[in-house]
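Each structure below appears as structure tokens.
Heads up, the next two complexes both have subunit A, just with different partners, subunit B and then subunit C.
Here is the complex of A and B:
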């Protein structure tokens, strides 16, 4: 860097960013490094980890991932539960959010402000409050069961029902799967209780993501849609081939945020009894908390957190790869091929005439 | 321009200084007055006020100031305190966490030095003995009893002669009390209730260094519970829309429940429910019930350990324990105070009587995770295979016991 008129700027630059660096360093980077150390140590929670623990290498990770036993099975159960939660919640909340955003983005719709506020409302309410209300709604004689009772359906005891919803189909699958669970347990699907939490998550988060989609939709200018309809695209073709590709960056953001949020679900689990019924709502985030705070195995708890971190990063990268920028998707390539053939056919037919 | 630069630099310095100030909050108390904090998990205002009043009375005589802090989540707040080097000077230590805390060196082993160390029930002192050392003083105890709704009892045409004394008469009474709206018997589907039946059948979970969870006796206990449920005379509180047994009893959804002296707490919500408590009926292996207890924990190497010890001595004295019993219905942990309490509170006498043969639920370092897994597996007891549940418990508990013993 040349020392000229701008010579002192570097120094001032550092000075001005130093508060941010300091805050991030002290409250983010240092704790993460310390937690990483804890996950490799035998710290028992007494005093500071530095000086009160020994480095034991990957033992905590092995206990959760490799060694057969309760710790491994608990972790496997938590991963299974959370996997079903993610698989159900992320697509549902994204689709619902997009659907709602498109609806409230219509110019014809009367009272748009009201609907936008109404759909966004669950997102600004505390998740603790909403979960508590859900617990009351879904008791065995609660409002939900009374309503479905009008149709002659005898509703389950939602939050106390540990049966997996796929268990009737997959209950007989033999063999042992990974992480100490047999395949029947892996394939049993989310429990009835977990399904309520899935509904809860979709209900509360789709409003937030609706807002993101709405902002993106408003950036799609009317001329493009007009041009598409002049070219003869119907409303569906227009939406899937024109509008959706234009808001793809937002779609990526929503999917990523959804993925991260659902893998870290904690407060609903804490409030509904920490994994009850039958550990079918146990999640890795809650397991890490329980292992650390109740069983005082802080290293193991930190190890679970870092494995969860790795899972989230891996899935985000995978998703980025799937949604990477391509000129045409697989279906687009096929479509282009068909169009080209049609063109050639037409040209050949024209030449013969 | 120059002023603005310096202003920004000053602001940056200010933020740094401000952050630094946050880190070292609190002042040092080097005065004559000792300051102690007690962290409690309270059952309600009555308990909080009683503990505060007792602590104030002790503080007045000892030139001290005691602050009673009510925990919203005792386990979490304790862990946080210990990790931050800022543990409370005295706290409620529950029986199920005790071994985990003691084995990790969290607790000051002071109880054996107390002048009244020999006055406690032996079953309670044993619960809080780790590695041969009586570590912390039992605060009080609760045993499980059979709580009967007396109005329903009379309405079903049952008399005092029908009070269940064994499994058959319990089944008979539950059958008679079951109506379209009310189930005869209700208790939570967990080890803390079902374990009683396993013990009454003559079973034990641990015998020395060996786990005996998959014994025929334990199986008989679970099968008896399973049978009552199959007959429809027993339902879990969740099945009758109650949060716990007491709520089921109070709301008239169950005629009999298995709970402890804390049943008194339902009077606020259900003042019209009349009930009486009896000892649990005996099983084929004799009488048995569980005793649950808390102790007064003092953190290891605490500066205030001596003051805290003196406070514990005051709090566990017979007259103070009787005052607690009057205020919020806990049973005194010393034998002499418990005898007086039983005379003064005949409605709770059966709980005191139960402690003569009560055992503490299994409790060693690392057992809590296994028991919570057992509780989770019990969810499949109805229509499930109790033998498989016990086999899994056997395996996990033995592994945990071996680890606790360092094998």
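Here is the complex of A and C:
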């Protein structure tokens, strides 16, 4: 190609990406820089932060992380709540999604389209609509309590119950833990109200992740599974020794997406009363919003946002590192390939027999 | 409609499925299959029933909805919730705002994301790799971290509490650019090269050759953008405060969090939740096949 066309390509290249660069620069990069400044300032919300505030260094971060007081205790509570949320939701949604995907991927199963639709539909509705529905389902005389009532169980008043589900076991643990909370509070588990939000998250995300797993499963050729079953592997053995290792990359993707998503829970908290009952559903994302918009401590709210950002980045990197450690090295890949070849050969031989 | 679609899908899939070479199915296998059916039907029931009783309860009286939440039929049919939504509650205004914002955001995203994706995959320009790397970096920033920063910048530019402030920050989606770039890299260059050699300019080639080939990816982008902007909530919490700028999400949220009178108003809240879900449900059922298969294709890529 001539130089003229290359030159035109360069001009058009920049022209085509310029709207994206402009919008991302102005509404993503610039805001982060401004908020970083606000988190280091004493801006009170009046006028523009530029010119109406003083630089105070890390004071806002210290108030949340180090200084004893309400701000630190609220932050500790929010971290505690969200930690339980993550610990419960990530394994549950991953396991359920994988289970659903394996089931609806069966050749023998009729009505697979129907089941896929049923499991995926909650994922497309808005968080507002689905949370509204859950509030209705989990009232004290609501649908859920009526159903468990058939089994003679007296259901709790879900959204108004601040009791930690592990508190009966850990309530007597003495001593003060980090971030201004005592160990009994750290170890009390998610509150009953938080458990509903955990169920809600599993309900709405399992469909999306089911689709991801389904895609991965469809890349696992039926031949290999058939070979394994010819070799005498039962369904469980076949799943854990053959299928699961082959969809490992997708499993990692789902775990990472789950981890990132669960630290960002905001809409549901907004709808269910901003941390009620007793701050047991407060999350860092909501606390940042409330600190800024309701209490007008803008620097502190921005600081919480950046701490949350750091937590998400750190945990994602940590998770990748942990999982990569267990991943196959080059020799492992070769070994797996050889094992596959062997299985395929055996399958061919089995078919001829 | 959906059952027939599902049935058709099942029929075609079964026709395609290779016949098992040997009949090794035993009684044990049959029992396993029956157990699978039982579990799946129970789960499907748990996934669907909340939506069914929500629709049903929106036609109940307040007392009926509270006392008989599980019933699929109201004791007496009441349209009071819907009447209130269309009279005292400004639901139509919320819907108009949501529709306007969704249309503008979706059109802009489809256009700008595909332009940028095309440039990043096909046009050679200096700084290309830097632009792409920054884009990946941007995708890693979690949405909720941006709430306070976005508010600050909108206030700074005087865009707070306006349609512009609600719309403009959403019209580019880094993930959408990424999807388009991946797609353009998967289709052969030869057709475009032929057009260029014939003397067609770059924009002309893009518009009349490239875009028509990219329709599948554009539809994916359309679905994602539509669903994303229709369901968007947190950005509208921090970019506006006037009641007249309420969208369906922020408006229904104000109903649910009880900002509109006290007492339980479950039929009203559920009716609003049902109505706001209809457009995304329609999009979902129209593009159901594509949604199920694009994510499969996307994951493979």
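The rule we apply is simple: the second predicted complex is superposed on the first by the 305 of 353 C-alpha atoms of A that agree within 3 Å, B and C clash if a C-alpha of one lies under 4 Å from a C-alpha of the other, contacts with A are read in each partner's own complex, and residues count from 1 in each chain.
Rule of thumb we're sticking to: contacts are C-beta pairs under 8 Å (C-beta built on N, C-alpha and C of every residue); 3 or more make two chains touch, one makes a residue touch a chain.
Bear in mind that the values here come from a model prediction, so they are computed numbers and not experimental data.
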Contact-wise, after the overlay, does A:55 reach subunit B, subunit C, both or neither (first, second, both, neither)?
neither
Who contacts more of subunit A, subunit B or subunit C?
C
Kindly classify A:321 by the partners it touches after superposition: subunit B alone (first), subunit C alone (second), both, or neither?
neither
Under the stated touch criterion, which partner chain does A:236 make contact with: subunit B (first), subunit C (second), both, or neither?
neither
Regarding the shared-chain residue A:141, is it in contact with subunit B (first), subunit C (second), both, or neither?
both
First (subunit B), second (subunit C), both or neither touched by A:293:
both
Looking at A:150 after the superposition, I want to know if it touches subunit B, subunit C, both of them or none. Which is it: first, second, both, neither?
neither
Could you tell me if A:162 is touching subunit B, subunit C, both of them or neither one (first, second, both, neither)?
first
According to the stated criteria, A:26 is in contact with first (subunit B), second (subunit C), both, or neither; which is it?
both
I'd like to know which partner A:131 touches here: subunit B for first, subunit C for second, both or neither.
second
Residues of subunit A at both interfaces, subunit B in one complex, subunit C in the other:
12, 15-16, 19, 23, 26, 48, 139, 141, 292-293, 298
In the complex, subunit A touches subunit B at residues 12, 15-16, 18-19, 22-23, 26, 44-48, 69-71, 73-74, 139-141, 157, 160, 162, 275-279, 292-296, 298
Okay, in this complex, where on subunit C does subunit A touch?
2-3, 5-7, 9-10, 13-14, 17, 21, 32-33, 36-37, 39-40, 43-44, 47-48, 50-51, 53-54, 57, 65-67, 69-70, 112-113, 115-116, 118-120, 123-128, 131, 134-135, 138, 140-153, 155-156, 168-169, 171-172, 174, 177, 196, 201-203, 227, 230-231, 233-234, 237-238, 248-249, 252-253, 255-257, 264, 266, 269-270, 272-274, 276-277, 280-281, 283-284, 288, 291-292, 295-300
Of subunit A, residues touching subunit C in the complex:
5-6, 8-17, 19-21, 23-24, 26-32, 34-35, 38, 48-50, 100, 103-104, 106-122, 124-137, 139, 141-143, 146-147, 203, 211-212, 214-216, 218-219, 235, 250, 260, 263-264, 266-267, 270-273, 285, 288-289, 292-293, 298, 301-302, 305-306, 308-309, 312-313, 351
Residues of subunit B defined as touching subunit A within the complex
5, 8-9, 11-12, 15-16, 19, 75-76, 79-80, 82-83, 85, 97, 100-101, 104-106, 238-239, 241, 300, 366, 368-370, 373, 376-377, 379-380, 396, 399-400
